[in-house]
Every structure is written in structure tokens, then in C-alpha cells.
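Heads up, the next two complexes both have chain A, just with different partners, chain B and then chain C.
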Partner chain A sequence: MAVNKKPVSFQVNGRTIQATLEPRLHLADFLRDHEHLTGTHIGCEHGVCGACTLEIDGVPARACLTYTVSCEGAEVRTIEGLEHDPVMVQLRAAFTSEHALQCGYCTPGMLVTARDIVLRLPDADEARIRKELSGNLCRCTGYVGIVHAIQKVQQQRKVTT
Partner chain B sequence: MKSSSTQGVGARLARKEDDRYLRGQGEFVGDIHRPGMLEVAFARSPVAHARIVSIEKPAGAEDRVFTMEDLRGVQPIRAISGLPGFKPSDLWPLAKDKVRHVGEPVAMCVAATRAEAEDLAAQVFVDYEELPAVVDMVQARTAPSALVHEHWGDNVFLETLYDDDLSAAKASAPIQIRRHIRTARQSMAPMEGRGVLCEWNTRLGQLEMYSSAQMPHINRAGLSECLGLDQGAIRVIAPDVGGGFGYKGILLSEEICLGWLARNLHKPVRWLEDRREQLVASTNCREHDYDITVYAERDGKLIGIDCDATVDSGAYSLYPFSACLEAAQVGSILPGPYKMDHYRCHTWSACTNKPPILPYRGVARTGVCFALELMLDAVAREANIEPFEVRLRNLVQPHEMPFDNITKKHFDSGDYPESVRQAISAINLPAWREKQKAGLPDGRRIGIGLSVYCEQGAHGTSVYAGWGIPMVPGHEQCFARLSPDGVFEVRIGAQSHGQSLETTLAQVANEILGVDPQNVRVIHGDTGLTPYSTGTWGSRCMVMSGGAVATASKEIAVRVKKIAGKIMEVAEQDLVLEHGAVRVAGTDRSMTLAEVAHIWYRKPQLLPADVDPAGLEVTAGYKTLRDSGTFSYACHALVIALDTALGHSEILDYVIVEDGGTLVNPMVVDGQIYGGTAQGIGTALYEEMPYDSEGQPLASTLADYMLPGPTEVPEPRIVHMSTPSPYTEFGQKGIGEGGAIAPPAAIINAINDALAPLGAELTTSPASPRRVLAAIEAARLRQAA
Partner chain C sequence: MKPAAFDYDRPNDLAAATSQIAQGDGMVKAMAGGQSLGAMLNLRLAQPQGVVDLRSIQELSSATETAEAVTLGACVTHARIEDRRVPDATRGLMPKVAADIAYRAIRNRGTIGGSLVHADPAADWVSTLSLLNATAIIGGPNGRREMRMEEFLLGAFETALGMDEILIAVRIEKFSANARWGYWKFCRKTGEFAEAIGGVLIDPARKICRAVIGATNGKPYVIHDARGIADQFDAHRAMQAVEAAGMGEDAYERQMHFVALQRAAAAIHTT
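Let's look at the complex of A and B:
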């Protein structure tokens, strides 16, 4: 099927991307198949599971619901781009100590959402954390470790700041 | 058993496998790219039951679209069972002549991108001559609207019967309760779907297949049968796998199609299941129907059970578990840990125009636990005693262990009544009974529920030989090698996809060999690198792979001591293995494992003359002392608040008293219980894969098929008991599935407890608000009449 491609230019993890793409190509497919940034996972492609959560202009967003050509001028940050982020360093350690992952498939999306919760709602209690997390599904952990890990990082940041 | 070490058996060791996932560096099938790789999409049947009159490929794309006619030499999937009377089905990887469920693949389309492959699939024109759909499992066998496989003459894969004479009970039992109980069809829904990437390696003459699979060696065996390649010409690699739960314990039609395609195109090809495909086309699970009668004494003591059970097995028998494992298992496991003198159970594996089923976490146990535990609560209401009393009066007592129940299931160990007592105490039953009288201030009713289950794990040869399916587990093997640098490498044929085997098997090696878990490399999930195994299913890995790693480690320990004894000039029995070294007991003289290995590999001139020539590599096999399985068990007890106006239930407290024997890593065990329980809550309250009368699936997104999220799942309180299994290496028992077994029974018992004053009762899962309200309305009408 001949499709009219469209040019787009945006940033991914601080790198400028210029590409001419089919309008139907969503951001998760683009990052995974064109840029080989496979840390952004795909679990449903209809905006429910949260596996594809990444940051667009500093805010968590669903890559599967974002057309790549609509990202003109945007700054996209994926799990790979958060490798050295200080909050992410804390979250990674807490996810391990609290056993917040089993198969690891939901994990990158969970981490992006968790980081947003920690930064935006440092005082959120368990109920609020769960509510904020409700856009991310995990089939393995029952969420217990994930909630504990977020609480742990909240605590750590209170002590250090 | 010793468990003093901080890194061995019993340690809450943090997981070695976490780091790659936390950096987005896990490698799932969908993350793998190959130069020149093409993508595959399937044209699938939009109807449940039809004859295929013709298939027309899109003009100009004939060489990129393949039907069964093109796949010359490919054999259908035939998953037999040796149980008498079983009727096998032929599942052609692409439908031939007939389609038997919505989503059945009809044509394979290949293109540079998935989107283009889907464009092609949309242009395949199939002329279907529609047939009536067989949708309801009971009608399928009693009043069929059509025959799914005409030559069978009926719609039943298999019928089984545990016969007994219940006429005396019928004539005299003071309590006789009959119910119709149903559990919904479900999708297992791991977060990662299935995925297959195939490449033909011309140099090796070998098909390399990456597949999101739980049992790669079984996939290889099945592929070999269907593709006509010898097993050495196939290598199956299950890389990181994003959850399984039974969904990936299968030989896929798509695997056969892509295997054929890669070999014939000489190009790498990949297919990734999307969520819609998973929900509308792929395998389901768990649809049971029970017509069950329980006979009991006035005090709640069981006399007998009489049950007709049907399982909706869908359209085909799947490899390797077959279409009848689930229903036949119902017959053999329904009585569970309860004592009774009479038991009759007739089961049917019904064939319908729905996707085939696979055994989901807990397999038939979730259904039978639901049926029996609902009945025990009904007995309690009739006898006017607390439900937990009925359990205490009927459960096997600890002094009766080991115990052979009425269906000859051999319970290895445990104190079941104690788990009930502890659960009742932890949930604080008297306090809730008091609060229940008034209800909550917001008007919601309180309900308290419990259920008991047992989980047979790691059951082996004798059990599976009886089923006669394509796969019977025997000895489990481990290949182990102490490398020149002192790193201990263990290779196992199972696959770890969340079970944490990269950590827990390292703990086992540490326990025996004293090697630092960080210096243990666990290799799994690759038929090219590991010994044969039936794979990861049936809560078997910690028992079987754990036992194999322990056995191999012991053999390596002997060989290490032999070499170290010669070098340090001490008797081997004076040597101990700890902290990565061989030490002369009671002294500080030692050699590191690396130093010992260095001598074997690099300085053989120093070896003792009678050194074992096999060196520091072994393949060791392991079987449990009895292969009838380990029995872990638990009592789940919880409190719900039920809104009788909206039908909504909220879990207020949830307690689990679990006995998994020796826990190799308690943190991992808790994780399995939390995760399993979350799935069980989904089964109890949310998850349902409905079909309309035409056999059309009505849930095609995760907005229709509701998985429990962080706000639906509470944090259960877990209490551990520990009765080591007498039959396993460290006393460990399989525990991976149990969390998913008990919640539907416990939750719906709690709902029924809340509904009892209204005279309403629920006997179908999930307890959706609509069902709860319907039960209340039915009770109202009954009382009005």
C-alpha cells in the first residue's frame, strides 16, 4: 500500500533524529525498530498496559498512542536515556531490594512512572502511589514490591534532602 | 539440611537477573533484529466455524502469501493422550478445508514491516461457507448444534469416570447440597505476547528459532515431528521471556509456519503476537462447569461427593499437554486434602468452536478449589457452623501423613488444619464477626471467606506416563563445569521467565560448593546449550532443576577435593568447601576454587595419578525420591466489603498461611505468592473472555479483558509454615502456582458470606458487579414467590 511519508525532527535521549516516516508508525515501533532502543516495551498498543511508558517533554506518555510524526520538536526520553539519572539509580536499587520485578517486561514502563511519582509526589501515601501507578499493569509481582520500592526511594530522598 | 549460610538455601538473596531488565537491556524476542529480517502477519478466520471454499491471494503478492497448500511436507500438530477413548485432532498450522475458531490462521503474509504484512493479510480473500458454531460446552456434548470434527460423531475429546455407589448417601445423608458451578473462560495474558524469530543457518544445516517459550526442548521435539527435520537440525532459544503462566508452554502453529518459511526463503523472519491476536485468536484457559452434589453428616463431616464436570477444551488438542489434561485432572484432584468415603466424578473434555485451552497457573486446581470450597461453605451454612469448622472436621490430619486420598493422590507432608487455624487467628475472625453484625458505616456489608488448596508440584514419570501425552518427565539433568577462572557454570534445560532461577540455582550451588552466587553462571532456555528437559511447568523447577544442580555440585565437590587434597597433601575427608575455597578443616590452609581449576586446565602435570579423567565437568541427573509430586498448600482468608447496590466488592484484609516446605529464597517465594494471588483476584473478580452465540469473542482489548491493576490488588499478609518434603533435595516444594488457586474460592465465599442474610448465593466466577446484583435479584424474586 503506497503511503505518503512525512518528515519529522525531534530529540531522543538528547540526540537529534531526522526521519521521513509513514504517518501510521507509532513511537514505540519507531524507537524499537528504527533506533534499536528496545527498552521501551509493547504490551497492548492500545494505551492500557503502560509497558511503553516513556517521557515526552518531561512528562510520562504512552509511546504506542503517539504517532512518531506528531513528535516534531519534542524531547523524548526512554529508559536507556535515564541510565545515569540519579532518581533512576535509586529506583533501580530499590526495585532489586524490594523484588519489584520478576519477568522484567513491565519494568521499564514501571520505572518511568515510578520516577514521575517520586519527583512529583514525594509525600504520596500507599493509596495514592497505587492510584498513580494504575496506568501500568504487571502480571507477575502483584505490585507489592513495586509499591515498596517507590516508598523506599521517597524515604531515601527525604533523608538526603 | 544446613541453612546457616547467608547466600545459600534459605537466604533472601537479591536477584542476579534484575540488572539487565532495570536498564531496559533485557532481550525479548521482539528486541532481536537480524539483517534482512522480514516480518510476518497472519490472515485469520473472522468466523468460528466454516468450510473454506477458496483462498485468493492478493494479486501480485502471490510469492509473499502462503497457505497450507504451499507448506508442502508439513505435518499437522497432533497432541495425543494415552487415556482410553481419547479422540485426537489434527491441527494444521494453517487451516485446511475448515476453520474451527475465530482467529485460526489461514494464510501467512510476509513483508519488510509488520504494517505491510498486515496490509497483505487484509487483502487475502477467503470464501467461507459458514456452519453453526458450537459455543456452550455442555450443549456441545448433550445437544450439539454441529460437529467440530465431523468424523468423531460427537463433540467430546475424552470422557473419564471415577465410579462409586452413592445410593446409601442419597438415601440417608442428613445434608445433601447440589449446585451448578461455573468458572469463566480466561486469557492468561502475560505482559509479553508470544513471539517467534526463525533463521536458517546454512553452514550448520540448522533452523535457529527464537521463541518466547517455557519449554524449548519440547518445542524442538514438536517442530521436528511437524517439519520433518531431525532434532539436531533445530535449535530453539527462549531468550528473556516476559511471563508465561502456562501460555507459552505450547508448540505453536506460528512456530511451524515460520520455521518452514525461514528454511524456504533463506531469510530471517519474525512474528510478534499483538494483544488483539492474543485475546481473540490465541489460547484460553479455565472454563469449567460443575454439576456437583455433596453429602454430609449434620456436623458437617463429609460422606461423599458426586460430580459431573465439563471443561471447554476448545477446538483442538494442543501439544504437548493435550485437550484432556484439564478435565481428566478435575476427576483426579477434586477431593484434594479432604477425607471422604465416597467419590464419583464423571468428566468431559468438550470440543467447541473456541480457541483451544492450555493449562494456566494452577491448571484445574483453581476450578476444583472453587467448586469444592464453595460447596463446603454451603455445607457450613446448612449445618449452621463456621466454615473453618467444616475444614477442620474433614482435612487430613498431620499424623495421617503421608496420606493417600480417595483418588490415590499421595500427600507427602504437612499440617493442613494448622494452616486453617493460623489463618483464622491472623484474620481475627471473632472481631470481624462482631463488626459484620452492624456492617460498615457506609452501608456496605462485610463478608469473611476462606479456602484451602493443595498444589501438586514437580510430579514426574509415574504421573505423566498415565496421561500418555507427548511429554513425560524423567530425570532432570544439569551440566556443570568449574571454569579455569573458578566460575561455576550450570546449564539446565528449563527456562526462567520470572521464576528467578538465575539466582536460586546459584544459591543451591553455593549451598553445596561454597561458591559465591555471583560466580555462578546459570545458562538456560537454549536447546543448543543445555541438556534435555521438559521445561518450566507444574511448579517443578526449584525441585527438579534445583535437585539436578545440587547433584552436579556434589560431584564437582568430590573432584575438587581430590585435586586439592593432592596439592595440599591432606586427606580428602579433611577438606571443607566454603567461601569459594577448599579449606583444610580446623586450619587456615586453603586453595580457592580458581586455583584448583587452574591446575586441572593449565597445570595437569600436578594432578594426582588417579584423578577423575572427566575433569571438572559433569552431567548429573536427578529424580525425587518419589515422583508423585510435592504437595504445598495454603489457607487463604480474607474480608470483603460488599456494596449490594452496585455489586462491587473491596478487599479489606487478606491473609495467606502457606507451607512450601524449605524455602530456597523466601523473598522469591513471597513474590510468587503475591503475583499468583493477584492473578487469582483477577479470576475471582474481573477476568472473563466471553463469546457470543456465533462464537465471536467479545473481549478484544485490555479495556474489555480486565487485568487487575495496582488499585485492585491488596498487599496480602503472608505467614509461612515449613514442613519439608521428605522426597526432595532440601525439603523444598513447588509453590509457583498456588497463589492463583485459592483466591476465587475464598473471595466468592466471602461474598456469599456477606450475601447470606439476603438468601443470595453466587456460584459463577468472576463475581462481576452484574453477577452479584443478579444473585441478589434472584433471591428477592425467590422470596417474593
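Let's look at the complex of A and C:
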């Protein structure tokens, strides 16, 4: 079948991307294979595991369920683009000190979700944090350390703000 | 896990979208949040020739309120309902249901209209909008028409929407001040699709005492006169309803649906 490529223009980590792509190319594959932004991981490719979670227009979304050509005008932020984000700096330190990662496969998606929890639900208790994490599967570290890391950053932000 | 090739367009107005879908003769699919369609495409369960993205059609993302009702555009996301960024006609029922659909990253994109048209029996809006007997507002080449949920939903993954039609909005009548509700879903894992759903609504001022049994093998089973279930929970009547809903064969399914209904009735809130 003749493939109709489509032009698209959007931002990735503040940089303008202009490309002409097959509509079936999802955002995670585009970022990894075309932009070499390999921080966005791929697990299930049907929305379940959360490994591909990144930010689109300021809120978490699944890259595997987003077709790149549908990102016209959007602002995409990947884990690489959050390197100097103040909340992410705190979360990275807390993930290290609380042993919130081992293999690191789930970690980029986990950090994007963790950042959303810290900013959107600053008062979330442990049960709520666990509910909010239910869309990000970690199969080797377990959730205890991840929950502690998020709680630690919640505390730090209460002291400093 | 990669979709078959498809064409893509993102029209700005409803007329263009309906004509593209109509011309596709069943091979062109609408896409709203892409949270069900995307998974189906990636798994190649769906292999349409084209996809028409509805998100640039302004009317579909709007929310309006009158004295009697709230109308939510089909592309209103679960997250907007959860956060009460759109008016709520239901005294907290819809925000609560929205908050327990999938995960936040899915709720930021997934829409009430997409969920309804997908018509997965285990989906939350399918059961909730049936409990509310909401009205579907549909648009197509021959103009607009309206339908109550009980006519709109035909069965598992099946609605009365024509091949050349688009769901424009759903209208939900406002609860009166003393209305009470309860909603319960069982899932194996937080945020997963439901194994069983129970919902109850008592609104004396509007003469409504209704219940729903959801996540069945077909469309939700609505009990229009739910006296003896929604108000004073009678186990015998409730079990009869579960059997009438087609959930009586398997002991596990029967018990799950019975308890979901029981917990919904017990959870009836005074909001």
C-alpha cells in the first residue's frame, strides 16, 4: 500500500522539530530512533506499563499511544529535557538515596509520574501515591523505595516553599 | 507491536470530519484520545486505511451548562472531569468515576466520547452514563440526532452510531439537591478495566430510583425500578437482578456482580 507521509512540526525539549513521517510511527519510536533520545523506554506498546510516559503540553502521557504526526504544535518534554528541572533534581537525589531503582528500565516513566504526583498532589498520602503509581510497572525494585523517594521530596518542598 | 500503515488527517470542522469518515466506507476511523484505538492499532486488532483525529474540532472539547443539564463534548478528557474543570451535573459522581479510570497519563488523553463509542462493557462511562440515562448527541451527513443511552448502546463494542456519524456530545441531566449515588468497581489491579461494576442512583425529586450492573457480557443492565436494591438492599432481589443481567451462570462472576451492587448500595453518598 502506498504510504502517505505527513508533515509535522512540534517542540521536543524546547527544540523545534520539523519532519515528514509515516502516520503509524509512534512518538516513543520517533524519539528513540530519529532523535536518539533513548531515555524514553518502551515496554508494552499498549498503554499498560508506563515505561514510555513523558510530558505532552505539560502533563504526563503515553508516548506509545501518541502518533508523532498528531503532535502538531505540541510541546513534548522527555526525561532528557527534565535534567535541570528543580523538582526532577530533587527526585533524582531521592531515588538514589531511597534505593528507588535497580535496573532503571521503569525509571524515566516513573520519574515523570513522580513529578506529576509531587506537583499535582503535594499532600498525597502513601495510599494515594501508590494508587497514582499503579500505571507504572516496576518489576525489580518494588514500590517501597519509590514511595519513600516521593514522600521525601514532598517533605523537602514543604520545608522550602 | 507496530501498526499497519494508515493515513492521517486532522480536520478543524465537523463537516470535514464526517465527510472523510463517510467516504472511508468503514475503513476510516475517528480518533479522539487514541487510548483505546492506539492500543488496537499497535496490536493490529484494528487496521483502518485512515484515521481522522477529532481533537481540533472545537465544539467537541466544549462543556456547557444550563439550569437543567450539563453537556460535555465528546472530546472532554477524563482528567478534565476528574479535576472538575468542566461543570458536574452529578454531585460528585462523575469526578469520582473519572478519577478511577486507568491512570493519570491515560486520563489526560482519553475522552468520555471515545470511551462511550468504544463501548467496552467493562468501561466506566458505559455503565455510568447508562445509570444516568444520559443523552448522546450524534452528528452525520444528515444533520443531528439524539438518543438515550439505552438505545445508543447495543451490546459489547456495539453502538447505534452509523458508519458515517460522529458522537458530538453527551448531555447529563442535573441531579436535584437530595440526590444520592453509589458506585463500585472490582478490578484485579488498580486502574484496570473492571471485573464487575455496580451503581445506584436515588433522586426522589426526579422520581428516580435506579441501579446498574456493568461489566457484563453485553451492554449494562439497567434496573429502572431499583426499590429494594438501591434503597433497602434486599439480597434476594439483587441476586435476581444479577441473574437477569446474564451474570448468573458462573459462581465467581455472579458473586462479583452481586457484591459490587451491594457495595454501591452501601456506599450511597449524601453529597
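In this text, the second predicted complex is superposed on the first by the 159 of 161 C-alpha atoms of A that agree within 3 Å, B and C clash if a C-alpha of one lies under 4 Å from a C-alpha of the other, contacts with A are read in each partner's own complex, and residues count from 1 in each chain.
Here is the rule we go by: a residue touches a chain if its C-beta (ideal position, glycine included) is under 8 Å from a C-beta of that chain, and two chains touch if they have at least 3 such contacts.
From a predicted model like this one, the values you see are computed outputs, not experimental measurements.
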Problem set entry | Touch count on chain A, higher of chain B and chain C | B
Exercise. Of the two partner chains, chain B (first) and chain C (second), which one does A:138 touch, if any: first, second, both, or neither?
Worked result: first
For this session: Determine, under the contact definition given at the top, whether A:38 touches first (chain B), second (chain C), both, or neither.
Result: first
Exercise. Of the partners chain B and chain C, which touch A:159 in the superposed model: first, second, both, neither?
Worked result: neither
Exercise. If you stack the two complexes on chain A, which partner ends up touching A:66: first (chain B), second (chain C), both, or neither?
Worked result: second
For this session: State which residues of chain A lie in both footprints, the one left by chain B and the one left by chain C.
Result: 1, 22, 24, 29, 45-46, 130-131, 134, 136
For this session: Within their complex, state which residues of chain A touch chain B.
Result: 1, 22, 24-25, 29, 32-33, 36-46, 48-49, 51, 78-80, 83, 92, 95-97, 99, 101-108, 111, 129-131, 133-134, 136-147
Exercise. Which positions of chain B touch chain A when the two form their complex?
Worked result: 14-15, 17-28, 30-31, 33, 113-116, 119, 189-193, 240-243, 245, 274-276, 497-500, 667-668, 670-671, 674-679, 701-703, 707, 709-711, 713, 715-716, 739
Problem set entry | Residue numbers on chain A that touch chain C, as the complex places them | 1, 3-4, 6, 22-24, 26, 29, 45-47, 50, 53, 56, 59-62, 64-67, 69-70, 72, 113, 116, 120, 130-132, 134-136
Problem set entry | In the complex, chain C residues that touch chain A | 1-8, 10, 31, 34-35, 38-39, 41-43, 51, 53, 55, 79, 102-106, 108-109, 189-191
